[in-house]
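Below, chain A partners chain B and then partners chain C, in two separate complexes.
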Partner chain A sequence: MVTPGVESYIRQKFAEHAGLTEEQIFVDDVTLAVVISRSPRMTNSIDLMEAFARTANALRKDHGVRVRLPALPLDTPTSTVLKVFIEEFERQKKETAA
Partner chain B sequence: MSIAEAETALNRAAQRAAAPAGPPAIITDLYDAVTRRGMSLVDVTWEQQRLHESRRWSVVEMLADVDLDALTPIDRNLVWNAGRAELTTKPGADRLERQAEAECRRWQEKNPAVAAIMEACGTWSRYWNEEEAHHETVFNRLADLSGMEPISDETFIAFRQVFPDDDMLRTLMLLAISEITAAVNYGQCQHVVKDPGLRRIFKQVAADEIQHRNYFIAFAKALVDSGEYHAKDAFAVAHLFLREDGELQGSAREQKEDRGTHVNWWDHLDTAETDYRPEALEKKEQLICGALKKITGIEVNSREEVEDTWMDLIGS
Partner chain C sequence: MFFGESRLILPVRPNDLDALGHVNNAVALEYLETGRWDWLGLQGLEPGARMIAVVARTEIDYLAEIPRGRVEVRTVLESPTAEEFDEDGLTYRARFRQRVHLPETDRLAVDALVTVAFLDAEQRCLVPMQDFLAAAVRG
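What follows is the complex of A and B.
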């Protein structure tokens, strides 16, 4: 079961760090390469990595769970990224609770 | 001599004293040198020139000492890969020169010390470019002479694509890691090859790459010391390489990015039938952590600590 509110929290925080709206990132299920090209704050994959890390730090602060994301290729669609993020969150949450 | 002339002479003498005496060396505390010690760009360039001259060697002479008939299939494969990899250093150096020049102009009014560091870096790029020309030609000529698959003009041009610009600290950190990777690889090659002449070439090139790494570390440290560049960016690049399935895995990764804009040499190593890959990942990890310590003053000892520190530095 997915913790209520976490998905929308991740979407909101990632969009905030990318300098884009949630619609620009998630509506058409664009790839990470497209996110970089659309974002006014990103030049390359290091900026993308940083936006994910800031989102993970926010999750840690507000939900107490530390998420480590794997390296994701730039042709990964944002729906997959979101799925990986949530799965990692739930896995870490379980481990923290155990 | 008038009082004004005497003062000018004294000032010149004081400036000369700012330049270090003794054997040529990289100025490892460049920010301090250009601010507190008052080193001019002429002084800095003199040091670069002295060091460059002291380290010269001849490709023609080195090649003459290689016994081509004694080279094994592994030797030839290592040489062939090294030659292809070295093709990408010219666009790297060209990019550095252009970017440093632009950054110098950008900082000139706002922070002249940073502008001087950028100019010192752009000036040094000419020595770097020239030294890398030795590496490229020594390996490619040797691959050619030993009958390896020729590098087509198409590949040559593809490997020459100029890298896109990025934040200067990130660029310098990436270049430092690239030099670390190359130096460790060539160090590994030294232990594998049998021919003494070829071993000497790998040793010489590895030593050059270490010297280049030291320059990149010195420029990066100067930017962090200036307070205008944040340590997090050096850590970000280190994490990009060290993370699971990161850039350090190079061509061994299952999925590599199709970059479209440029070629990263570590994506294109080909072991062919020899099945030998000069990895030494732990050594590279250790040297990257060492570079971070020198640049930022922050000590880390593993890739996990690099990630943790980077995440702490960026905040939320």
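What follows is the complex of A and C.
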């Protein structure tokens, strides 16, 4: 069971920190390398990690759950990133509640 | 965390000069690195062997010739700011505003924005600044 609203929250926050629209990131299921090339705020994987970190920091503030993503290769599609993000969120949420 | 500006005076070495008799552009990058070490020292921190800081990007403007004499390297953490930095959060990128002044005239000679990332030298992967700070040796 996925917490309602979390997926759209992650999509929205990540797009905001990448300086792109959600469509530019998620519609064609592009890879992280493509996200970097499209983003006006990203030059390399460090900028990408910073965008993930800011998304995770916002999640912690607004939903009270600390999420830390594993290192993901740049050929990872955004659908997989989103899936990993949500799985981590739900896992940490369970651990926090336990 | 120390969010103030560090100021370090360095002598210009004879071998810093090129054929034109001014400091070579690549040497200015060494001055900036020394300035960042000085800033870190003001934090009371000495990096450990495993978590290291690496330069990921340098934007630099050379504004005036640097002759023989002395330079002053001013370094301040521009991002994250004191308001942005969260010890319990995640930050993968630190940006330093660094300026090299000629102390005799207070003229600005170099203006740079240096982006630094943090690596786990064993795992060869990016780590947050918070992990770097936690692993650093407190002097």
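One rule holds in what follows: the second predicted complex is superposed on the first by the 98 of 98 C-alpha atoms of A that agree within 3 Å, B and C clash if a C-alpha of one lies under 4 Å from a C-alpha of the other, contacts with A are read in each partner's own complex, and residues count from 1 in each chain.
As a convention for this text, a contact is a pair of C-beta atoms (placed from the backbone, for glycine too) under 8 Å apart; a residue touches a chain by one contact, two chains touch by 3 or more.
The structure displayed is predicted, hence computed values, not measured ones.
With both structures placed on the common chain, the touch criterion links A:A71 to chain B and to chain C.
In the superposition on chain A, A:R41 contacts neither chain B nor chain C.
Considering which of chain B and chain C touches more of chain A, the answer is B.
Using the contact criterion defined above for the overlaid structures, shared-chain residue A:E50 touches chain B and also reaches chain C. Within chain A, the residues touched by chain B in the first complex and by chain C in the second are 43-46, 49-50, 53, 56-57, 60, 68, 71.
Taken together, the chain C residues at the contact with chain A in this complex read 56-57, 86, 88-93, 115, 117, 125-126, 128. Touching chain B in their complex are the following residues of chain A: 43-46, 49-50, 53-58, 60-61, 68, 70-71, 73-74.
Only residues 43-47, 49-50, 53, 56-57, 60, 66, 68, 71 of chain A touch chain C when the two sit together in their complex.
Taken together, the chain B residues at the contact with chain A in this complex read 164-167, 170, 233, 236-237, 239-240, 243-246, 255, 257, 307, 310-311, 314-316.
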